[in-house]
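Consider the two complexes below, in which subunit A is the common component and subunit B and subunit C are the respective partners.
And now, the complex of A and B:
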């Protein structure tokens, strides 16, 4: 059999197996690929992962087919001459052009695909820093109002809900600026709502990773890292720190929940009332806070110079010491 | 050079580096783990509340790091103060906890820890007076917290007056200035639940969270809850 026949046979096997494997993957495995479909970002990222899998599977199958075919057809027979290879491939213009073309097309397509997904999905759930390049409609207005203390949110209002994530060794706490700026250890979100996470840290570098929400943003001291997502499904999700931050890093996790808008409203209002005694002792809501420079304890202070989308950071004025 | 010689050049330094790493990690972890597990499962009849008494001291006064801040627990059998932060507790049982706070306080880095949450009554008692929130920017501030994140439990330990004759090293006696903080919580089902202080009280370490805050048996430990 000449080389053309070998190539044609392998190509046919490869196409048949690849199409079958891709279809099986897309319809049977794809809907279960992490991070699920709890938010629009999760759905989008699941789609991205599935596209990557569908492209990668034929590559994997191609390698396996070539390997298996070579072992079955071209292996040295007992007592026969040693097979000679290499030269044909080295001078085979068709193989060279095909290899370069196919790999280039795949890489360039994925670069373009990834960029489009990043732009269309407003950062794709990743932290965009203090000056988000891609913001969903209404986000900047809601964020600006939150900082000014004039932000509101109510069921069916279709408003963006700003939520501040404060990381510290070794726990996350959350502030809700549209509900009096109360702070809590619970992360509760309304369904069918765009959330603007504003992530910061009071000490070292952490990372806020809300797995099922497909949100992941670095939590850096004196930086407001903004990430967006829109909740689509009611349910429970896991929050983990994904930046090694010290000995209790492994314990830095909690569980949040997405509930109906009415339930969220009830929870937010009742928590605001229950925490009112402590909220009045909290510093005014700000995007970043400057911990005491002494390090060992000390209050945290709003960074007065930081606007919602400004990188300017200076030390704020200290509160009175005890 | 022979293959054996080349192998030696690669393998020996590799083993030395690995050994150094293992030694460094072991040295870092072991100074703070002299104790075992303090057992509170046989101190009372089944189903009855457990009494757990601890003290928080500004300097432990003994061991490899005598100047480190620490919690000490009272052995329910010998009534001695012991440096042990892993406590075995019965599941689904009320724990009456008493903290003798001998350390001074300061404003909290995050006033959220000034709130009492997760106790049976939603409050704690400071020298007999109930409180649910403490403004750490006033008075003597907050010295430490006792928090079990998985249980949603967090109680601030109000500091003593820094101008008083503060206990210099543990174990401290009740003749020294102290605050008595009491609260109750219920243990969940069996499991291992980490507890820790959330006040960055590791003086001299990065953001106050190194040293005693990062070493087992000082400012954090585990509740080993068993059936």
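And now, the complex of A and C:
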């Protein structure tokens, strides 16, 4: 069999299998690929997953077919002609140039595609740190108002809802600055709303991973890590810590829910009222918290990112024990 | 004051005394004296630490003093090195004395001594890395046992996380040396036509400090372990107990060994090549080791510094990583991964070199696109310094950097792809002999492809949101390191052990080993991609109930994978001791220079320094030139073809 026949046979097998596998994947598996479609980030990240799979499948199939073909056809046990050495067997300019060109084009396309998806989708649900560069419309305004204590949110207002995620060994709690800054262990979100998650930690590094929302942001002490998503579907989602944070890291999870805007409003207002007695003892809302000078028994104070940095602002109505 | 006369030559000073390496019994230096030195050093360091900082107990009222713990380990390592004789030469020089001449015993006990013979060091490394691998593997079995059930726990959460941390650290440290140590040290001089390494004492030092590092990292367990995983993130690191000191210092100790080994091998390759061994004739394995050595030398100092900063935080109350005192946890993350990602390629490149060396032998074809392959290795090692922040995509670092690091990470696929071009081109229209080394080499191409392709998923920032920190990434790096490097190491052992030991490995047992390892490796780790995609984070001891089936499948496969290693160890014992079969001088009919020396290899490798006439890949070439002129009438013949019957 001459050279052309080997390559032609492999190419035909490769094209047939790749097209079939890609089509099967795209239509049968693709819609079920994580993280689902609960938010705009999840939908776009699922699309990214599927694009990558559709490119990866022919690559995998190509190499596997080649290896299988080599094993089946060029085994010494089959006899066959002696291999030919010499310069022709050492190098083939066409093959080398084609290989390098194709891999380069694919890789550069993937990098470009990933960049576009990242920018267009406002960071794709990943933590952008304290100074996000790909914010959705209205997010910065809502965040600024939240810090000043003037933020509001109401159904059908199309406002961004800031939610603070506070991680500590080994639980997540959530503060809602637009509802008086109450803190709760329940994460409830309104549907069709852009959420600005502000993730921080009180101790070690954790990672807030809201799986079905396609949000993941590390919780660093004294850092505000911001991630965005827009809820599209009502339902329940899982929150897990995805950064090793000590012995009970495996138990650091809970569940959240996306509900209608009206239900959310009812829940937020009732929780704000129910928690009011506790909320007044919390430190003033801030993006980060640091244990105070009184040690473990003390509260937490803002890190000074809000100016002016005064004792009154640090401690609010509570004065530190002398 | 009378001046002590200086000896003028090594011969003069040793004429009246037996060299220390040859003294009998208690007078000589060996593993036993190293242990004694280590214990004495440990006790002294502990006493000193308590004496100088007794008022600074690490945990109030606990009686634990991290300064004492750190000094105990530091002096323990110094005592170990003194005991084995690693410091004899520099101390003699410092004292103005002529150091004793180091000659090697022709006795099995040489493997327990400070040997400057690169072949002895290579075999010491074989045993050392296998010991690392065995203990790390046992810990892996414990992890998979715990993950059999999401609610019934075999270990406490505390014990489990310490097992996970120790497993990761031991395996990563072992993997940095698994090829460079045993095969790099043994084979590089033979392959480049040298009689020795450039710095034999540094070579021996790299091995004995590697062993010390192993013990230091394991000392974390009696200290109560450490909860940070192998990545050791601060502030969890700062919060952790005294076992963390072992981790931080252990990394620094292993780092010293890595730097020493890398520097020595790089200098050897650059300066000790035989006449005619031009860069374009260098075996591809040597190229891979050179690229790895460059990474070891340049990346490891960062780890060393990072470890020392952490050690200072724990002992001298500095605050490099303590956020509330002005430090930054990001400093550790960046320093660690600035080393950590080149380290990934420290663990990948030697594997590529091994299979590149093996394929031509078993296909009877020249290595295809040799220059592209060598360029790929250099390209990978250069690019590997520019990708580290992909580990921090979700960490909150400056988001502007993400497109750049996504691009650099994906670009590294291009030179990595060269390795596949080399492999597939060499297989083309070949006459493949499926001996055990070849099977393992082919398995690397299968496994590493899955590891490489899934790496592209991880480098894509949007997709990274779902796969970072979960079982997907865990499976990905096991596919690259275990599926790539470890399979290549096995290929290398089956291929070169006949040269190193003079014994053939049993083929039937080898086949059992290969197939069980290949099948159960894939059955263990492939389901983990799905487990990760379904939302299971890494390093958890409990997980969602609906993932138990997949986890159980993975665990049972892992136990069988562990069994495959027992088959390998049995094969080693069977083939080397129980039923040894003498290896022919060149059992695989290789053109490689290392196979042209006598079996066993003479102390100085070559009677005369060979003159290299061409590269070692002229297979199936009727008019191929001889590979080398070994002196006298000897010329390495070019093997033109093979009847395909195999050897073993």
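Here is the rule we go by: the second predicted complex is superposed on the first by the 289 of 322 C-alpha atoms of A that agree within 3 Å, B and C clash if a C-alpha of one lies under 4 Å from a C-alpha of the other, contacts with A are read in each partner's own complex, and residues count from 1 in each chain.
What we mean here is this: a residue touches a chain if its C-beta (ideal position, glycine included) is under 8 Å from a C-beta of that chain, and two chains touch if they have at least 3 such contacts.
Just so you know, these numbers come straight off a predicted model, no measurement behind them.
With subunit A as the common reference for superposition, the partners subunit B and subunit C occupy clashing space.
Once chain A of one complex is fitted onto chain A of the other, the partner contacts of A:77 are limited to subunit C, with no touch recorded for subunit B. In the overlay built on the shared chain, the residue A:238 is in contact with subunit C alone; subunit B does not reach it. Once the two structures are superposed, subunit B and subunit C can be ranked by residues of subunit A touched, with C on top. Once the two complexes are overlaid on the shared chain, A:150 sits clear of subunit B and of subunit C alike. Of the two partner chains, subunit B and subunit C are each touched by A:248. Once the two complexes are laid over each other on the shared chain, residue contacts for A:266 go to neither subunit B nor subunit C.
Once the two complexes are laid over each other on the shared chain, residue contacts for A:204 go to subunit B and to subunit C alike. Legend: residue contacts after superposition of the two complexes on their common chain; A:100 is shown touching subunit C, with no touch to subunit B. Once chain A of one complex is fitted onto chain A of the other, the partner contacts of A:166 are limited to subunit B, with no touch recorded for subunit C.
In the superposition on chain A, contact is made by A:64 with subunit C only, not with subunit B.
Note: residues 203-204, 246-248, 251, 291 of subunit A belong to the subunit B contact set and to the subunit C contact set alike, using the contact criterion stated above. Residues 157-158, 160-161, 227-229, 231, 233-236, 239, 323-324, 329-330, 363-370, 372, 393-400, 402-403, 406-407, 410-411, 413-414, 417-418, 420-421, 424-425, 427-434, 442, 445-446, 449-450, 453, 456-457, 459-466, 468-470, 533-535, 537-544, 617-621, 624, 640-642, 644-646 of subunit C touch subunit A in their complex.
Contact residues on subunit B toward subunit A in their complex (touch as defined above): 105-112, 114-115, 117, 132-133, 135-141, 147, 149, 152, 154, 194, 196, 198-210, 213-215, 220. In the complex of the two chains, the subunit A residues touching subunit B come out as 166, 168-171, 173, 183-185, 202-204, 246-248, 251, 254, 275, 277-278, 281-283, 291-292, 295-300, 319-322. Against subunit C, in their complex, subunit A makes its touches with residues 3, 6, 33-35, 41, 44-45, 48-49, 52, 56, 59-60, 63-64, 66-67, 70-71, 74-77, 79-80, 82-86, 89-92, 95-96, 99-100, 103-104, 107-108, 110-111, 114-115, 117-119, 121, 123-134, 199, 203-205, 207, 209, 211, 214-218, 220-223, 225, 238, 240-251, 290-291.
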